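In the two assemblies presented below, chain A is common to both, partnered first by chain B and then by chain C.
Here is the complex of A and B:
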């Protein structure tokens, strides 16, 4: 009894300055176990505290409470997340993360993921130390957004550039879910980037997440760039390179068929393997890939012809009739993939050159921003290189692997004290 | 000169006269008319004559008279030699169609085989005695004789082995050349052109300067090897280098008409315009080519149709050039070395003609071009489409008005586009790299902290 009251008073007293907060943190850590067994701790106790001022204390108590059977935990946690103070909760980020995960689980149990989206979005922002760091909450938030189908919300998190990662598994999940969200929003470029990151991530054994990501990666490359190469990029891990292809043979087959450009073969392959695609929930994506083949073929025609009749286009691309050809061409003009004029009287399409002359001031601004970005990235690279060369672990490893007697070296790349 | 009159008269006349049976030896043998087998056969001697006749017999399609004529001549030729295997083969193929005189002559076969056995025994004895005596020159001659013997009997592998064995006993450069020439001959007959190339190289590495005829023979052999390997440009160069002193001295392999035909067609298919010019209109500047070109012109006189077609190509008279090609095709398919390459060469020549036609123009009317190439507009469109896709023509087709417009890519725009693209790629790649490096660092730290 007294410990609970003591805890509460100390929370109320010590929640002002940062020095007090660290003292409070120690108190809370010490009292954690006793709080768990304390039967006096009820929801009503929480009413004595204000979530925005006493966030750290509130967090601990909430954590203990939500472990046990409590009704209406979802709005409780949600309100806390919305109201809490970011600086305070970062001191106990694991507890915060576990609370949010509990929220997510509860929301999924209730089959209402939409309720969890907004709170988790806010949570991610609060727990993030910097814009470039991935937290454990990112994948959970993305998962809820996917299940709730609010892609735009998820996309707002994805627009950060992640450069630092705590746990590889979080990263894989983040990229995988992120890729799926981008596919949902039809931003194939960004999806490709995210999936590429998973596929080429360093790993020693084949990772199920990476495998699923690879399947989607193949399909998205087909849709976006229209070309498929069986070999993985050079930077992929050896485990990936040796195993992925054998584990995703149907997808590789689809890719190869696509490369040949024959629509009928591709459709035959798709129909033959549709049950497998269904199982992987990729059937929609596969269908998109097939329809993109038409677009790819029409694009190739623009390289060769100035004008072409709709009937000829239909024949060359193996569409059913001129009307479908017109529809496809119209779609492509609207998407900005080709520049053309359709003359309906003659049934002719006239392909134009890209009108972009690269002379406007907007273009100059774009170029300028790209240049700035590139300079920034280069600086990042150099900084990382420098920090790595001062890292004792790295130096130790290099020192160990260096030859004992290195005649002919003018200077040592690694100081002597690091060689064993 | 008589010959000039003969050949400068309109070539068309010769074609329309059709199948005259004059045996005038001034008439070109490789021409648009059906092949005169007897005249063709007189160009060659030895085993290659038989092989070529047999080849013609098997590839002349349904033409019975030609087939029988070829088989008859082959029979006569084989009977002059000692190859019973080929004899049996030819008799089977004649199948009694030529009457009693051309049936299976078992008596002759047995006699030849017996003689062969005796000779073989004798040669073996001689060779073993030379070996025991260790006289290098005799051993070399012994092996050579064995090689000749096996070659006459048709056992080419053994012949080759024996010729190659003389290598250890060669003492002078002349011996080496002799060995190389024999090895080359057998390799060509066997169809193993890699050996041909290596032995030609060996012979050419000879420190002494070669006899010009031998040098010409080596170049022919090397040209043949390149032709088989589909290296048409190299083959053309080799054939162009052959000096006219060759004459008929390499008849056991190749006739001077062949040198002209092979060289001309390969040059047309693979040389670019400046090289072709040096080849036809030698200029004092191209000193080396000058000498040889006068030489090659002599060869071309032997096959005036090839000469005409090269001239036409250079002067952009594509219709007549392609017409000559078409008329020559049937006969070229009967040639043992060119048979597999006729289609490829023709294809390449046609493509070059199409490209050359469109090169000087900003816009080309497709119907006129189709007339010039004797094809339909839609067929022409397809061919042009293939060439555009291969990036050999820079143009675009206006399918509505059937015009081909030259299109020169705007360098400035293309550069901007490329720069932006590259910037984006750099961005993506570097960010991925930083991420991967972080992941690795994290993993490494995790492992290190576990170990401590």
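Here is the complex of A and C:
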């Protein structure tokens, strides 16, 4: 009892400056075990503290309390997350992360993931040291967004570029969930990037997350770019290259069938393996892939013909009739995938070139933002280059293998590189 | 020493004079204060290496012609100050004057120059000593301190006048206004010196960078001046400043002389060319990024490669 009161008073006293905070942190670490066994610790004791000013102390007490049976822990934790002070939290980030995970579990138990989305979003922002660092909370937040089907909230986290990663498992989960959110928002380009990251991430043994991601990756490539290559990209790890194909044979089959371009065969394959697709919960994606085959075939037609009648299109793409062909072509024109003119009088479609002339001032803004982004990337690369040059591993290996250039300054006539 | 001259003479200064003075100063300064790399023969005193007296002065004579009320200073040459008597070397001056008289018969000694931040009392004695060659010599003073904030040239021209101060008639230096006058040849050479291209021509990259820097600073200056004009006109419109009709007329004539560049075709062409340049810089940036990426990947592979080559007889090419 006395220890509890002592702890509370020390929290109230020592929460002002950073030096006090580190002292408080040590006190709390020492008192942690005794607090766990202390039976006087109730929810009411928390009322003596203010979450925004005494965040660190509140965090410790809350952690101890939520381990045990406490009712209504969800709004408590949510209120704490919204009100806490980010600087104090970062001193004890593991505890904060474990509290948030507990929140997530509770919310999932209650089958109401929507309640956890906003607190976890705020939590991610608070625990992040910088915008470019991946934390353990990112994948949890994305998982809740997926289950609650609020994809836009999840997408706001995905728009940051991640440069530093603490745990590989967080990275895999982040990219996998992120890819799924992008698929939900129909942004297939970004989904492809994220899934590609998982598939080509370095791994020693085959990872279940990466396997699932590979299945989705195949389907999304079919939808987005209409091509399927059996071989993985060159930078994938050897474990992935040797094992993925054997473990996802049905998907590879679907991909090969897609490449041939025959709708009926593809549909037969899909129907034959639909139970497996359902098990992986990929059936919706597979159906989207099938419908995208039509688009791909029409796109191929634009490269061969200048004008075509709607009936011919229907025949070549194996659609039912000209009406359906017209609908498909119309949809594609609206999406911006092809440029064409439909003449409704005689049912002819004329395929056009890309009318973008790069003459407008909107183009200038797009180019400017793209160039700025490239400059930022270049700066990051140069920073990485410099840090690698100072790496003792690198210096050791280079020093051993380099020849001694004792021939004077004959080599520097050509400028090495034009670096900004 | 501040009051302005009342003699009514207009002074015209040629850039050659300023270049001569600054060149003289820089040369003497470098000779007194050699940079550490060039004193390989150990002539450098070991004590107080970089603390040579910075406040030394150079002296010389300016020559030119006077037509009516206009005094035009064309050229200058250097003189040594005799430290014991504090006078300029008279015999040398006369010899040089004779030589210059042969080449430029119209020019004669107009005065003298020196470097420093202000005119001193001791300068008066030198000034008086020259009065027997020219009854009213001019004193050109160059301030060698580099001040980036200062926009004007650090050159002042002084005349001597008799003023009554505290009841005693004294001759003091008074400021005289001057303008810069250039001949076409001078303009070209000043332009050349101002750009100071590297002697070996430099690589294409440095030349391009120098060229673009020049254009950038020129455009910046144009921009700031237009802004000043804009603010001025706006203030006049609001009524803060009394309307100056002659200025308004000048501004109007300037605007009317701008090329008519508002047609539709011009906009299209301009945007297309702008976009082309942007695309090219984008391509250059991507190439730059790719080369950076290549370096990073190479370094990474060297550092973290698992099976390194044993027996380093075959060194990897870059």
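The rule is simple: the second predicted complex is superposed on the first by the 391 of 420 C-alpha atoms of A that agree within 3 Å, B and C clash if a C-alpha of one lies under 4 Å from a C-alpha of the other, contacts with A are read in each partner's own complex, and residues count from 1 in each chain.
In this text, a residue touches a chain if its C-beta (ideal position, glycine included) is under 8 Å from a C-beta of that chain, and two chains touch if they have at least 3 such contacts.
Nothing here was measured: the structure is a model prediction, and the numbers come from that model.
Trainee: Taking the superposition on A as described, I'd like to know which of chain B and chain C A:361 touches: first, second, both or neither.
Mentor: A:361 contacts chain C only, not chain B.
Trainee: Quick check for you: in the superposed arrangement, does A:389 touch first (chain B), second (chain C), both or neither?
Mentor: It touches chain C, and chain B stays clear.
Trainee: Would you check which partner chain A:377 touches, where first means chain B only, second means chain C only, and both and neither mean what they say?
Mentor: Both: A:377 reaches chain B and chain C.
Trainee: Tell me the contact category for A:171 with respect to chain B and chain C: first, second, both or neither.
Mentor: Only chain B; A:171 stays clear of chain C.
Trainee: In the superposed view, which residues of chain A touch chain B and also chain C?
Mentor: Shared contact residues on chain A: 357-358, 363, 367, 370-371, 374, 377-378, 381, 384, 388, 391, 393-394.
Trainee: Give the list of chain A residues in touch with chain B in this complex.
Mentor: 161-166, 168, 171, 193, 196-197, 200-202, 235, 300, 303-309, 312, 346, 348, 350-351, 353-354, 356-358, 363, 366-367, 370-371, 373-374, 377-378, 380-381, 384, 388, 391, 393-394
Trainee: With touch defined as at the start, can you tell me which chain C residues reach chain A in the complex?
Mentor: 203, 205, 268, 271-272, 274-276, 278-279, 281-282, 285-286, 288-289, 291-293, 295-296, 299-300, 302-305, 308-309, 312, 315-316
Trainee: Touching residues of chain B toward chain A in the complex: what are they?
Mentor: Within the complex, chain B contacts chain A at residues 385, 388-389, 396-401, 405, 410, 412-413, 416-417, 419-420, 423-424, 426-428, 430-445, 448.
Trainee: Chain C touches which residues of chain A in the complex?
Mentor: For this pair, the touching residues of chain A are 357-361, 363-364, 367-368, 370-371, 374-375, 377-378, 381-382, 384-385, 388-389, 391, 393-394, 397-398, 400-403, 415, 417-420.
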